[in-house]
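Starting off with a structure, shown below.
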Amino acid sequence: MSSKLNVLLDPHTRRIDEIFSTADQARLHEVAEIQWGHDDPMPLAEAAAALATVDAVICAKWRYGDALYHAPKLRAILTVSGGFPLDFDYDYCFDRRIRVLSVAPAFGPQVAEMALGMAIAAARDLVGGDRAMRAGNEHYLHKGNIGNFSLYHQPVGFIGYGGLAKALQPLLTPFGCTIGVYDPWLGRGYLARQGVVPMDLDTLLTTSRFIFVLAVPSEENRALLSREKLALIPQDAVFVLISRAHVVDFDALTELVMAGRFRAAIDVFPQEPLDPMHPIRHAEHAILSAHRAGSVREQMWLLGEMVVDDLEAIALGMPPRRLQVAEPELVARYRSNSVTEFRP
Amino acid sequence: MSSKLNVLLDPHTRRIDEIFSTADQARLHEVAEIQWGHDDPMPLAEAAAALATVDAVICAKWRYGDALYHAPKLRAILTVSGGFPLDFDYDYCFDRRIRVLSVAPAFGPQVAEMALGMAIAAARDLVGGDRAMRAGNEHYLHKGNIGNFSLYHQPVGFIGYGGLAKALQPLLTPFGCTIGVYDPWLGRGYLARQGVVPMDLDTLLTTSRFIFVLAVPSEENRALLSREKLALIPQDAVFVLISRAHVVDFDALTELVMAGRFRAAIDVFPQEPLDPMHPIRHAEHAILSAHRAGSVREQMWLLGEMVVDDLEAIALGMPPRRLQVAEPELVARYRSNSVTEFRP
Amino acid sequence: MSSKLNVLLDPHTRRIDEIFSTADQARLHEVAEIQWGHDDPMPLAEAAAALATVDAVICAKWRYGDALYHAPKLRAILTVSGGFPLDFDYDYCFDRRIRVLSVAPAFGPQVAEMALGMAIAAARDLVGGDRAMRAGNEHYLHKGNIGNFSLYHQPVGFIGYGGLAKALQPLLTPFGCTIGVYDPWLGRGYLARQGVVPMDLDTLLTTSRFIFVLAVPSEENRALLSREKLALIPQDAVFVLISRAHVVDFDALTELVMAGRFRAAIDVFPQEPLDPMHPIRHAEHAILSAHRAGSVREQMWLLGEMVVDDLEAIALGMPPRRLQVAEPELVARYRSNSVTEFRP
Amino acid sequence: MSSKLNVLLDPHTRRIDEIFSTADQARLHEVAEIQWGHDDPMPLAEAAAALATVDAVICAKWRYGDALYHAPKLRAILTVSGGFPLDFDYDYCFDRRIRVLSVAPAFGPQVAEMALGMAIAAARDLVGGDRAMRAGNEHYLHKGNIGNFSLYHQPVGFIGYGGLAKALQPLLTPFGCTIGVYDPWLGRGYLARQGVVPMDLDTLLTTSRFIFVLAVPSEENRALLSREKLALIPQDAVFVLISRAHVVDFDALTELVMAGRFRAAIDVFPQEPLDPMHPIRHAEHAILSAHRAGSVREQMWLLGEMVVDDLEAIALGMPPRRLQVAEPELVARYRSNSVTEFRP
């Protein structure tokens, strides 16, 4: 039998309407008595007092300092920024069986959709073709399709097989692609069971017609895609950079794309806003987007849906099942990300 | 037991390498003795002589006139243009059990991919967003996504449920869309069995978030999407015109899109090449493409694959199963299309 | 625009309630004015008079003789027995563009379900295990499972790739089986495109763990599975005989199964009722069923659903799409089946 | 980078060949140095010494007592019995970040297959029909199918939505069933997201045509299906008891099935072996099996595959992803099961 939870809702810098649909706000109030519940940040002294009594807190990141140690009933911290908090005492939470949760999986579908859209747009030249129509120099039919290709039955490579990859994989299923994966954090057996082919990075880059960069940034993968690695990509490939520029030597990428070595679709940049003079802005073979894969309005309600679903689980005394749970093995490995730079 | 066929291969204006992969050329020679087999058009006198002996002919359209009546062994005419021949004596063929076949289904996948890519590109503003990056006036994150939306779980409307629709439907499956269909040629029972919802045109236009024009042109559907009908489309919808401009009042469409009434993605135009001064070329809310949905190089080999698969069937004395078979009920209904204007 | 059809409904030996659900009877009356419409057979003189005026006739088989030649408006003959009529003037129908249709595809799902159920029951020893529980000599857990096996990821062989095979294939998909097919009527290219592996009969029998006999009987496949062929089946295989005993040397099958050479599940017999003294009745390694794969009550309504869906198509002037259409290449090839011996 | 693990392999009462295929034994030796590695139980003193040095232990259940507290490098306990150990110091493991794992998910597929096979067998009367053939009193065709029905498009009810349910759900997908779920441990939101309909128990029992008992036994669900609840099941339903008899009032079930109130398929019994005189042994409308759903030979290798896959993860410093991980919320809730009575 479920009993009503006592929950502190303090989502700043998110807004309540941004992440909860009207229906999910109603469900939220069914499952929980809400403390605060405003878009403005709760004053810290008040928050500390509330934390002494609540079962769970919904917040963008942990900004309550040592109040963590004075929250005897706390069972879950549901963070809605998209990344896990940093410089945070996870060990205390693990020792006290406090679940630390992230809405990261909620971004999977919309980012995967963007990745698919950019991949098709690049292969079928949707952006350059539109530019040509506006300039009045378009070519029709076969002549307009020289060098273009299709996603059907192509070898695809995923760099990183986490939440984004798992959201993208079903979108590719109807295209009959084989999917190779490079992810040094995952065993070959596990990957094979997911219907993908584990492979080393060089093989992936050399043999894939579509390459998707889907890895979460970590200390280990900074500029993993060096100039040398990027040079392995074949002429008739599409390179989709959708998770983080951190993983790529962006200068090398820029040069190769400017030189027409392969096609690229890029949603993330080393600095945002991107330098107005950055040469990639004029690359003919690139599709550019201003970090827009993970912030589409209606899709943001998926964050709230997952939060309420997991509060229902917690009210039943059960483990959360929809948000990502911080795990001892992983918290130390994620790169020190500030919330603002994390996707979205 | 299969016996080798005697086949006239005269695909002009297609080229043999364009429609047959190397592997399928080998299969073709396994299943058939080939007459002619050149990209140039066979001289008509020679063709007439060959037709007197062959089991089947592969041609772009029927250009052999009365030789049809002097082809006693002929069992199949495999046309590779994309449309069925016009002003052709189908009744004679039906009476003689000669199968008249079209490669139209081979275009389904690549056109469906283009339709999906254009739909996502329009909803996620891939083209406008790229333009902004090039102009240096882009907005990042949420601010760059105002008005954008996602395909997931949206109501989708198909105008026409033929080969293109059947190729597009599986691509939408992982997005969890419900699909409404307006197709006056198909019964409600049949449509319901395909997993779509039959609906009248007004309901479809009023309630769909993504509208795909997939109908084959016919006398009955000229300008079916009149100004009045187009005005029913809601503000936050995407209109994808991918089969033929014939179905739309293009002037009305242009005005509505110029006025920002909804988003559009357009691959086909009333005249091609489009008038250099046509205002749609400057519509901010449109994605434009020069009739490029159905002529991607490697995908063209699907035509040849289907042709050889059906020759294998014919050699076994069986009905063809992959190409579209001309049927008495339908041949009279297709609009009088010249090959050049038919997709692709 | 659809106009109401004039339809003769004379389904004897089927009954109207047997093949039409209440909902489909209502739809039938929406699409057609019904002549006769009784379970009793229409007197032939009356039927001949009606045929002179109707657009279509729904009947078990053609029992109206030369009235066929005095039916000027007739566009379709929808037969509901399960097999196409024999000794019938198909050429006249082809010449006059009269569609001759069969409900055979409506039996696909229920027969496929039975085939799957029998296959799992044989491999997991459901019948023998139940017998042991009743006799009180059962073994539990591993000891009760010696020699049993699972369908997951097994090589499966289909003998015949028609309607039954196409209904069975999706049921096997979640088990991750690879499916080999022997069907001399179908080309290798076509089969490969269906996601199955074309193979010769010996390879199929030697390498499959589950063998399904799904072929329609024809002159060519009588006792195709001879003693010599059956002897190729490995010890740890399941042989499912579901389409027709005609395809098998039943004496040889009986001997091999009695000898424990492989497991069998058998729904069809050379004579029905089967000789009370037939030894197969006591085969320990067989599951036996009295030709019950295709006559489950509610599933029979699928016949009526398909009939009405195709009448809707005919009313729209379109080709039927759900029932099987008699094709010139095939009508001559089906074995001379009387309706009573045809499935179900 | 992965380093080789030091692993104690002491699977008694399982055997190494029983749970590891030859290929997985090779993988196991690639990822780990193996201590012991025999089917006989390791002498406890030796085991205690080994535990002081190993990274992980593979065992049926924990039989090493306080050696748990002298295992400084221990990161994972991979139990291969099928249930989690009882009377075990989970809190110590949670505090020390030692993962306690169970192979329970490995039984999902074979149990789901058995459940599907039994459900079809019951609805299509495969067992009774075979009995009739052996007795010589069978009925053919429709007459042999009176009262039988099909799984296609039926309302199905799952009691419990854990690993078995998740393995069964995809097997039902091609049958187009709607699935209702009663599981008081899971929130409505979570269930809705899995494509099932959360419902209360009475509604499920009243409206489902196929009812599958899939719940793990717990203190809370003992005899959940009381006489009163079982009486809600409609006449024309199939009741499949596959997880544990614990969940059912077995006397009431026996009486109702003996009285012909509904059909049943039963793989688990309150006492095993079942009393030789138990009346259910003679129930005409039941299919009986001696707890054989989860012990098919080749399927047992899935246990070993999952074990090795998770050892690969542990070697990479990552969380296990295939075996079930003991979670604080759940360990207290499972019923005190001894290994021998747990499935399989």
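So that you can tell them apart, the chains are marked A, B, C and D in the order they are listed, and the count of residues begins at 1 in each.
Simple rule for what comes next: contacts are C-beta pairs under 8 Å (C-beta built on N, C-alpha and C of every residue); 3 or more make two chains touch, one makes a residue touch a chain.
Predicted, not measured: the structure shown is a model, and the values here were computed from it.
In summary, no chain was found to touch both chain B and chain C.
Taking the mean of C-alpha positions as each chain's centre, the chain lying farthest from the centre of chain A is C.
Averaged C-alpha coordinates give centres for chain B and chain D that are 50 Å from one another. If each chain is reduced to the centroid of its CA atoms, chain A and chain B end up 36 Å from each other. Residue positions of chain A touching 2 or more other chains: none. Contacting chain pairs in the structure are A-B, A-D, B-C, C-D. Chain contact summary for the complex, chain D toward chain A: residues 1, 27, 94-95, 97, 184-190, 193, 305, 308-310, 312-313, 315-319, 321-322, 327-330, 333.
Note for the complex: chain B touches chain A at residues 109-110, 113-114, 116-118, 120-121, 124-127, 129-134, 136, 138-142, 144-146, 148-152, 170-171, 173-175, 272-274, 276, 281-282, 287-292, 295-299, 344.
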